[in-house]
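After this come two complexes, each holding chain A, first together with chain B and then together with chain C.
After this line comes the complex of A and B, so read on.
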């Protein structure tokens, strides 16, 4: 039983570490790789939880995660990078040091919120929940602090990974919820991909600063 | 919604009725908004519960806003801002338990509506804007409804928690109103603005009376409380009669001459003797001259202040002595304002052709003003009788008060003066010099008009501005702002306006936020919420 806990925590920790490293990466290609690693570790965590909880649904979740987020989405993202010639693109948003400090603060808040308010719950889910909330908050911070639309999408996907991490750690979570979340993310990815093409057509860049300037002028 | 009138309600309804009738007769009877305005006031006065009171009060505010909007847009906006502020103070206050917080909110709410300093800056702008009938009802009626709410809450509903400092605050606000109102009435040039400033002054007098009574009530001095209430209520009755009279007269001046600027009037009493006589009566009441309706309340008020100066410690004595001085200054300025109003507007030589050719009033306006003038006479000549009819109200507000009879009997004074005048006339007739004699007079410094200018050059007469100039130099520049504007405009209205502009700019900045900034807002809100949750749970 203790192996179950420690391995689940280890994988959760790796997911969190990937989310944290996303903050510190300036290059889009590296961010995609980190996202892929995060998704693969998440899939492994799902398999492990499925084995530990004897739950077939979780294996299915793991397969979906691996196929969709571990392979398909990174492939799509890389295609976008190739097509828009962003291999060497450097993101210029918030300063790295500042965003890392904010990230540490967010993890602190997540721990501060989850650990006291779930005092009566099982210890396994408590730490898992804290890690999952940290991943969600870090993904949101990526969305807020980056200027490139692609980096914002990666932040959004990472947020969703945090949700799945919370779901698989929780015994008795219905499979339909995870499945619908995954489908939703895929649809959002498709919509945003089309949207990116349009932005690129109009402004020749994925930097949303141009749109913001137009927005200001338009009003 | 339920109505439960008592003696206080009936008193205020009684003083509201003649004004509504006079305003309706004078030309407002066709306006639906006017009747809604009147209905709102009646509802607020008759209300038996807090909801009905607030409903009537806000109905009155909304209707009067529409009526002011007919006259001018800028004062209407200022006015409705103050009305909303007043509502925002009153609505929580009427549902609070009896406490000092409730009293302060009531005072702010009713003070903003009644034009009590420092929340009076809107009144000299908004009251002159609408047609004369509405101005009359706003000055004579609406202000009184606000004072009614103040009296009902301060003396009846919040009475168990009464503190002496409530009265002191009320007195201080009233003294500031008296000083600023009387000074501005002396300096303003527009006839209706002069009248509105005089309203501020009279609201101040009423507030001083109420403040003395409230302080005495909290200190357990029922006799002084009765005296203060007598002064305040008599002042309310008198003001509710002569101010509509003056406003209706100002409307008729506007109708006949086309302007109400004192600098362009003059000599109206020759062309309009009836209006002149009625306005002279109103001005005498406004100046608190003996034998006028304004004298008895001021007499009682000074008595009350002198009585209050004998209670409390050294600070209270100094305060009431200073109050006496300010009231004296206010009375002198009010007298000056009334003299200037009548002297500039109705005496002397016409300053414009329209003023020279003005026709006297007749028909409905004359009836309306005549009604008010007839009602003023008993208040002016028999104030003791009027106070006697108010005894149930006084006993309702101060149950144990010993009400001293009024030591001022103007009717016998008037009869004596009349006898004296008749005797003097008889002596002059019998032994006086017969015939007329031409003498070279000083004539105010100017000679007979040249033949090509039958009315004289208006510029050779002293103007209203010129007459006020010595007062402006002596005290105006010290009390008011540099350009004779209201001091609260610089100290209160301008900073509030600046704050409002800043808030608007901030709101505009938020409205123009980019997608990323909006995301950041939501994210920040989430983080703050989580932090609060975590700290709350941890604590």
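After this line comes the complex of A and C, so read on.
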């Protein structure tokens, strides 16, 4: 077990820990901070892997992650919170305890799915992959369990962090794929920002239950 | 024979050090906390003066209290003191090491906690009962979280004594594993709750309604209060020792080797010092939680401990 692996492993663990804590937070400010920490650790992991694998592309990934997701997106999210005057607790669609237990279940599923299906790979790489899948699933769970549109966006962004984590752990991932994913996230964020504006214009809130009510009436 | 004598000396040195240093650690934490808040703060030896003051004050027993009123401070202090002797500070292999089972330790914490709660309810006044009720609410989850985190340590170290865990983590190549990270997060949450620090309880609060630990001590005075306060200081150092021994066990001294003691002592001082700086900085950067949020916080800690074990179990079962 070399230092390369164990450090990468540790950073993956911190990213997963942030993803799990994201699920347990009720306040938007705390969620944004956790997302920022997650992105910064992810950038550090990318730099570390770049140094270990002697891969220039991974440095670029790290720089993009740090600049875009560690600084720009949290800034944007905080601006949205300020502009829309959203300094409130997030309404969660289900009980906090239930969503945490579901989170643990999802991590268990991720581990159970990944470890047997990758028997031939190096053991720590497999665990990294399991961690990355867990982060993706936890992000999805955040999207499902929160009613505020902004919290759902944070869940979406954290899902993407999980994807990048999986990508930097595997040697030989083409840089184009990662770059396009990063670009896609930026675009998605812009589109979603416009969406948020529209939602707020119509309903005076970012709570998506209003949309669900309309949907039901439409049927 | 020589080994036994060295072990005895190490144990006595450990006891003298921790019992003497506990108020100092509390004082350092208070000082740095005051600095972080932009105040000058009391001198670091203030807790000693406070204990001395309590020693000279008269001890009152409320009329409504039973004969057991005097028993609870002693029970709380003794349980904490015994636990203190079991956790290694600067060296492993002390005479008390084979007794220092983690589950014994959890039991001793429970005795101390139960004594404090019964002391709070002794006189039958409202705040003490409320404090005891909250303490029970917290401790259910804290104990469960501690037990699941323990499961992870036992799986990794193949032994349940704190000493054995420290030696195993120091000498074996465990490496950095995700499980230990999760267990650390769980243990930190439990430690903050057990020592009554900020996210769950405010050690310097003066509002009875918001108190947890302090509310149970409101009726105590003089020497009884001294025992409770000293036990609280011991508990703080105890948790620092415990976390230090499990997660930073590197270069711990060995009781049988005198020449490893100075290094162990130096590192122990550094470890405790670092934790005494980090704790108040963390405290001033967070707000106290609402009482009914605390079970959620500790529930998350429990799930983290659970996750740690899940990772270990699955990795062991599927073959790593």
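In this section, the second predicted complex is superposed on the first by the 215 of 219 C-alpha atoms of A that agree within 3 Å, B and C clash if a C-alpha of one lies under 4 Å from a C-alpha of the other, contacts with A are read in each partner's own complex, and residues count from 1 in each chain.
FYI, a residue touches a chain if its C-beta (ideal position, glycine included) is under 8 Å from a C-beta of that chain, and two chains touch if they have at least 3 such contacts.
Everything quoted here is computed from the prediction, not taken from an experiment.
Novice: Please determine, from the superposition on chain A, whether chain B and chain C clash or fit.
Specialist: Result for chain B and chain C: fit.
Novice: Could you tell me if A:12 is touching chain B, chain C, both of them or neither one (first, second, both, neither)?
Specialist: Once the two structures are laid over each other on A, A:12 reaches chain C alone.
Novice: Where does A:27 make contact in the superposed view: on chain B (first), on chain C (second), on both, or on neither?
Specialist: In the superposition, A:27 contacts neither chain B nor chain C.
Novice: Taking the superposition as given, does A:140 touch the first partner, chain B, the second, chain C, both, or neither?
Specialist: first
Novice: Of the partners chain B and chain C, which touch A:101 in the superposed model: first, second, both, neither?
Specialist: second
Novice: Which partner, once the models are overlaid, touches more of chain A's residues, chain C or chain B?
Specialist: C
Novice: For A:127, decide between first (touching chain B), second (touching chain C), both and neither.
Specialist: Once the two structures are laid over each other on A, A:127 reaches chain C alone.
Novice: So in the superposed three-chain picture, is A:78 touching just chain B, just chain C, both, or none of them (first/second/both/neither)?
Specialist: After superposition on chain A, A:78 lies in contact with neither partner.
Novice: On the overlay, how many Å separate the closest CA atoms of chain B and chain C?
Specialist: 8
Novice: Can you list the residues of chain A that meet both chain B and chain C?
Specialist: The overlap between the chain B and chain C interfaces on chain A comprises residues 112, 116.
Novice: So in the complex, the part of chain A that touches chain B is made up of which residues?
Specialist: On the chain A side, the touching residues are 106, 109-110, 112-113, 116-117, 137, 140-141, 143-144, 147, 152, 208, 211-212, 215-216, 219.
Novice: Any idea which chain C residues touch chain A in the complex?
Specialist: 173, 175-178, 181-182, 185, 296-297, 299-300, 303-304, 306-307, 310-311, 314-315, 318-320
Novice: Tell me, which parts of chain B touch chain A in their complex?
Specialist: Answer in residue numbers: 512, 514-516, 519-520, 523, 526-527, 530-531, 533-535, 537-538.
Novice: Hey, which residues of chain A end up touching chain C in the complex?
Specialist: 1, 6-7, 9-10, 12-14, 16-17, 20-21, 24, 96-97, 100-101, 103-104, 107-108, 111-112, 115-116, 119, 123, 127, 131
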